[in-house]
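Consider the two complexes below, in which subunit A is the common component and subunit B and subunit C are the respective partners.
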Partner chain A sequence: MNVSLLTILSAYLAAAILIGVAPTRFRRSTIATAAAVMVGTLVWVLDQAGSVVNGDVHIETLRWIPSLSVAFELRIDALAITFISLISGVGLGIVAFSGAYMRTKPRFNRFLSLIVMFAGAMIGLSATDNVFGLFVFWELTTITSYLLVGFDDEKAGSRSAALQAVLTTGLGGLALLGGLVLLAQAAGTASLAGIVASPPTGIVATVGLSLALVGAFTKSAQAPFHFWLPGAMAAPTPASAYLHSATMVKAGILLLLRLAPGFNTASIWTPVVVSVGLATMVIGAWRALRQTDLKLLLAYGTVSQLGFMTALVGFGSPAMLHAALAVLISHALFKSALFLTVGAIDSTAGTRDIRKLSGVGLQHPLLALTGALAAASMAGIAPLLGFVTKEAAFAALIDAQKWAPLAIIAASSAATAAYSLKFWWGAFATKPQSPEHAGGDPAPLRTIRTLIAAPLILASAGVVLGLAPGIVDRLVYAFAPGAKLVLWPGWKAALAVSATVVVLGVIMHIKRESIDRAQQRFVGGRLSRISADEAYQWTIVALNRVADRITGVVQHGSLPLYLAVILTAVIAAPMVAFGFAGGVPTLPTGPFSLPEAGMALLVVAPALAALRVSSRMVAVLLLGAVGYAMAGIFVLYGAPDLALTLLLVETVVIAIFAFVLSRLPRHFEIMVWRIRSAVRAAVAVGVGGFVAAAALLASGQRNPGPSPSAAYRDLAPAAGGKNIVNVILTDFRALDTLGEITVIATAAIGVAALISGFRTPVEEAE
Partner chain B sequence: MNVRQSLLAETGSRTVVPTIFIVSLFLLVVGHDAPGGGFVGGLLAGAALLVVFLSGGRNEVRTLLPLHPRSLVGLGMAVSITVASLGLVFGSSFLDAGKITLDLWLVGEISAGSSLLFDVGVYLVVVGLVATVLMELGRPEESAS
Partner chain C sequence: MSPVLAITAGALFAAGTYLIMQRLLTRIVIGLGLIGHGANLLLLGSGGPPGAAPFTDQAGQAMSDPLPQALVLTAIVITFGTTAFLMALAYRSHALTLSDAVEDDQEDRRISEANRRSAA
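So, the complex of A and B:
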């Protein structure tokens, strides 16, 4: 089967559009469409995986803007295949779950469309090799994530959470773009694989790498940017399960995994990445223990696990990268299952607060089993995939003799085991002290059954892959050779660490009340007052205040002053360039023909007259006359296109002036203040003199030899046109033209907005 | 701005305006080989709208246009960007130009390059801008209404 990934990406785009525009009553068809796309991707992945695990790399290229080396270059390797199978596999579960969970919501199709669009962007991100393509897909995931977090846009909380997420990750995206550009410049290639193959060194590369790291850290919610992820739980639960646990937050890890083989020896890599990862792991685990909302508990758990992966990538050795990718796979499976379980609990019990929930496990034993399987994988209990992968990480750390990081990771993992237990106990246990049920409408049992399917399958995948880790191992090994993933490692140190971690976790759960008290005491202390979320709020407020101040100074509202500033800049900026370039304006030599002299007179006379008149309208008409005469000069010199355009521009401009002038006083103000008129005269003479000097200077600087326009003229027949001006506009320099009409369109929007102030189009009825 | 209705202007515009429109389309089509193009054509069509405004007022302009001015601008952008993207799909890169040649019976060979379609987008954006300015600036003033 020879289906390119580009075809698959187009299928995602097409499906997203179809689903987005489908009427609400076609819910079943839209769910089927979304599922079909994901199933198709899974089949494609299986087809590709065979050769990719043997180390083959498939490359697809679609040129985009070759002159800027911007392209869609897809590089389908083991890492890409791993991500694509997670994205489509978990995505399939999410689509199925969403169908049962929120099909009755009014804007379900919009939600589904965003999910599909996000999945496509994420697949593109995981396979792209061109740094600019990477940035484009990266931002696409940011935008779709923003729309999904703010899906319940009638709630102020959702909107501000979405804004926080998009500002944080958007800022990181900009840093990433800057970093990638620097790295690409330093390496001399825009290909990620090329950059990694011969990693640049030096100050530019270090700055570039740091910026790229900032991008990765914001996306993967690493400290100190971790605060946006718990906020993003405002998204509908299926979206949280997909974006904020299984896929999008892994994009940062993906980038780290892609960069690690080239940059793990860079001086900043290991210290920065490992310490950020460890700090995040501890903060996340600590906060997760304190949560009473199941979804927030999982969110902080995700922060912690992402820190775990980051730290592993930070060490950068193949064994560590191997372990990191393995942990990433198991985390995607159990965390999405857990999130979906919370969604099911929420719809049956009407709450996800641990203090209110009681007895859900007895009512829905299958759901409790699902939660148990997934939570046990999170805790690292054998024989689940979570155990196998965590074991691999411990073994790698022991082999590398990283004792201090091992201790921190083990402690955090104990906390992970504790909050896994707390999750399951809080969600399903029958608790005597809590009221029987917290109210809300329990969903009918039938709905619950359909809700359980997706999380149960995802959780079971953790069991199957844990019992037969060879499948995961082959994929991960193709990315980075490390110790084999096995279910039973034998009596080794890593097993002792795993066992200790689980036992400690159980003890922590039993002693949870004293831990709660200890945390309470700490929360009252000074250290915990430093909150990243507050720092964010403070920054936003300060930014707005500074922006207000600057606007107050710069946008003072005096039109003559604006004009003066603009015109002065027009003179001053090129003057500097002239100063560097040197050269003296030379007067053109040679006799002037009579028509030339006549036209010159026609240009100068109305301009001088415009100085003397007092009526604004007359002045405008005189300036129009100057324009018409200029058009005459263009005709004389054989530029009919220019002349035609200028004539029409002058005509339309005079008409527009007439409209504006009807709202202004008929006559110019009488200048009483002499200094002001002197300043205006100086600016005017300066601009006029400058333009004249520039023209003379330019005409004196003609290089002998073929002019660039000659090259265009030779190429014009090939472009299929005889009018060289038009061929340049619509073909050779069409990108410029596209930019210009964008400016025109923006101006049109600006005019409409400024004058009618975004009035609703009721005006038609006038 | 108040426009006084005048029989002379109205009758005159009725003959002049269609002519200007046809010339503007002519300029658009021949642009690739002779003086003209989307920008100039669009401006000329804008000038035609101006004549309509002066003789018949704002509502006359609105009824003449098939779309709301801002939709014209949007449509123009969409046309140009679509044509540019076609180069990505069928050609080798964004904005790569293509050409179709049709051999019509009796008419002879007609060729239309993608650059003409691109210019159609430019034309629409420029007409849309002039129309927007006319509709907005020509709005009766609040105090007067």
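So, the complex of A and C:
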């Protein structure tokens, strides 16, 4: 089978459009369409994986803007294949789940269309090699995420969460673009693989790398940008499961994984990436323990786990990258399963609040089993994939003798085990203290069964892959050679760490009330005043205030003032250029002609008089006088056609004015000016002086030599005319004349529309 | 270009600029008309020294450059169209608001005023 990834991407786009425009009643067909695209992708992935795990790289190129080296260059390697299988595999589960979960939503097709659109963008993002293509796909995922977070757009909370998410990741996206441009410039290639193969060094490359890191950190919700991810839980639960746990938030990790082989030796890489990752892991785990909303608990858990992956990538050695990608895969599986479990609980119990839920496990044992499998994988309990991958991370850290990071990661992992237990206990246990069973409208049992299918399969994947880790290992090893992923590592230090972590987690869960009190005391302290979310809110308010200030100053609304500023700039800018050019320009020395001077006087005198007169009609007549005198100058300059035309036009213009002025007041009203007339006079004299000086200077630079108009003169007889001006207008430059006629016709239509066919407000009021 | 022509064009630009930095549409139209005349003089002057009218049967004599003349002819007609349109605007503005003044942008004014109040 020889299908290109570009074809698949087009299929996603086509499917998204089809689903988006389909009427609501075609729900089954739209689900089938979305599922078909994802299944097709899975089949394609299986077909490709065979050669990719052996180190083959497939490259596809679609040129877009060659001059700027912007292209869709797809590079299908082990990392891309890993991501594409997660996107299409988890995506299939999401599609199946959404059909049942959102059964009462009237805008289901819109939701599904966005999911498919996102999946396509994310696949493009994971495979693209061109840095500009990467940015385009990156922003596409941001936009679809925005639309999905704000899907319940009648709720103000959803809208502000969506805005927060898009502003944070959008800002990161801009930083990323800047960083990628700098890196591409420094490396001399727009290919990501090319940049990594010979990584640029120096100040430009360092700045570029820092900006790219900011982009990755915002997208993957790393501290201090982590606050948008819990907010994004306003999205429908299947979207949260898909974008905000399994795939999109991994885009930052993906970028780090792509950059790591080239930049892990850069001076800023390890210190920055590792410390950001560890801080995020701790903050996320701490906050997750404090949540009572199951979905928020999972969201902070995601923040924590993303920090874990970031820290591993920060160390940059092949073994660490190997472990990071393995953790990423297991996290995508168990976290999406957990989110979907929460969705199912929400559907059946009408709440996802730990304090209200009770007895769900007894009602739905299969759902409880699903939750148990996924939560156990999250906690790192054997024989699940979560255990295998975490074990690999511990082993890599021990081999590298990174004791302090290991301690932080182990402590956070203990907290992870604790909140995994809290999750399962809170969701399914029968609690005596539960005062109420939140009512709502429980879904029918048949729907619940459908809802359980997708998370159960995803959670089971964690079991199967945990028992047979070789499948994951082949993919991950093709990306970065590390220690083999095995279910039974033997009696080694890493196993002891794993066991300690789980035991500690269990103890933390049992002692949860005293831990909660300790957290409470800490939160009361000074540290809690520092909140990234509040910093965000403050920034937005301050930004709006500054924008208002600037708008108030530069955009004050007065057209005359705008003109004064623009014209001053028009005079000043070339003056500066003149100043820098230096040298003394040669002025033209033409013969002085008395008739010309006389006509010039006749032109200027009425023009100046028009400035001061108070009668509208007199002002218009003075304009006419200028026009007639201009005709005189045209005659002196051997241009009888111009003179005739101008005389005609001036006469018609005066007639139009006379018609309009008959409706307007006879005299100009006295207006209150925002600019004093002295200022206006200064600007006016400046403009006039500038024009005269520029005209003189320019004609002083005139090139002697054959006039370009000579060709017109020589060819005019062939065009069949004696009057060369006429021949130019009607023959040589006939298209210009056509344009001119179009302008006049348009103006005529405008005039007709303005003069006739409207009612005055007085008539309307009647 | 003769200095007289350049200075005349400059004077027309100055007078026109003074007029367009106002609010009454009638004055703005007159100002634009003056600037148009000034621009036409510049075009004409760019053709070099004046000569006989550009007809093919006047071979031998020094002839004015026909190309700038063609450009000026186009410019005159376009200016005419613009003037007619602007006057129609003034007419309608007066019919609706009883004035042909160009008012400040209300929204911009509102932001500007709000700033002044919060600063005070």
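We take it that the second predicted complex is superposed on the first by the 568 of 766 C-alpha atoms of A that agree within 3 Å, B and C clash if a C-alpha of one lies under 4 Å from a C-alpha of the other, contacts with A are read in each partner's own complex, and residues count from 1 in each chain.
Here, a residue touches a chain if its C-beta (ideal position, glycine included) is under 8 Å from a C-beta of that chain, and two chains touch if they have at least 3 such contacts.
It should be emphasised that the depicted structure is a prediction, and the values quoted were computed from it without experimental measurement.
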Key: First, second, both or neither for A:259, with subunit B first and subunit C second   = neither
Message = Output check: A:747 vs subunit B and subunit C. Expected answer is one of first, second, both, neither. What do you get?
response = both
Inquiry  = For the three-chain arrangement built by superposition, which of subunit B and subunit C touches the greater number of subunit A residues?
reply    = C
Request  = Return first, second, both or neither, reflecting whether A:656 touches subunit B, subunit C, both chains, or no partner chain.
outcome  = both
Ask   = With the two structures laid over each other on chain A, which partner does A:692 touch: subunit B (first), subunit C (second), both, or neither?
value = second
Ask   = Which partner does A:406 reach: the first (subunit B), the second (subunit C), both, or neither?
value = neither
Task = Could you tell me if A:593 is touching subunit B, subunit C, both of them or neither one (first, second, both, neither)?
result = second
Key: Touching partner for A:385 - first (subunit B), second (subunit C), both, neither   = neither
Ask   = Is A:736 in contact with subunit B, with subunit C, with both, or with neither (first, second, both, neither)?
value = second
Query = Looking at the overlay, does A:641 come into contact with subunit B only (first), subunit C only (second), both, or neither?
reply = both
Remark   = Both subunit B and subunit C touch subunit A at residues 640-641, 645, 649, 652, 656, 660, 663, 721-723, 725, 729, 737, 744, 747-748, 751, 755, 761
Remark   = In the complex, subunit C touches subunit A at residues 1-24, 26-27, 30, 33-34, 37-38, 40-42, 44-57, 63-67, 69-70, 72-74, 76-85, 87-92, 94-96, 99-102, 104-109, 111-112, 114-116
Request  = Would you pull the subunit A residues touching subunit B in the complex into a rising list?
outcome  = 62-66, 640-641, 644-645, 648-649, 651-652, 655-656, 658-660, 662-663, 719-723, 725-727, 729-731, 734-735, 737-738, 741-742, 744-745, 747-749, 751-752, 755-756, 761, 763-764, 766
Inquiry  = Which stretch or stretches of subunit B touch subunit A in the complex?
reply    = 1, 27, 31-40, 43-44, 46-47, 50, 59, 62, 68-70, 73-74, 76-77, 80-81, 84, 88, 92-95, 97, 99, 111, 113, 115-116, 118-119, 121-122, 125-126, 128-130, 132-134, 136-141
Ask   = If you look only at subunit A, which of its residues touch subunit C in the complex?
value = 548-549, 551-553, 555-560, 563-564, 567, 587-588, 590-593, 596-597, 600, 603-604, 607-608, 610-611, 616, 619-620, 622-623, 626-627, 630, 633-634, 636-642, 645-646, 649, 652-653, 656-657, 660-661, 663-664, 668-669, 671, 673, 675, 680-681, 683-685, 687-693, 695-696, 698-699, 702, 707-709, 712-713, 716-717, 721-725, 728-729, 733, 736-737, 740, 743-744, 746-748, 750-751, 754-755, 758, 760-761
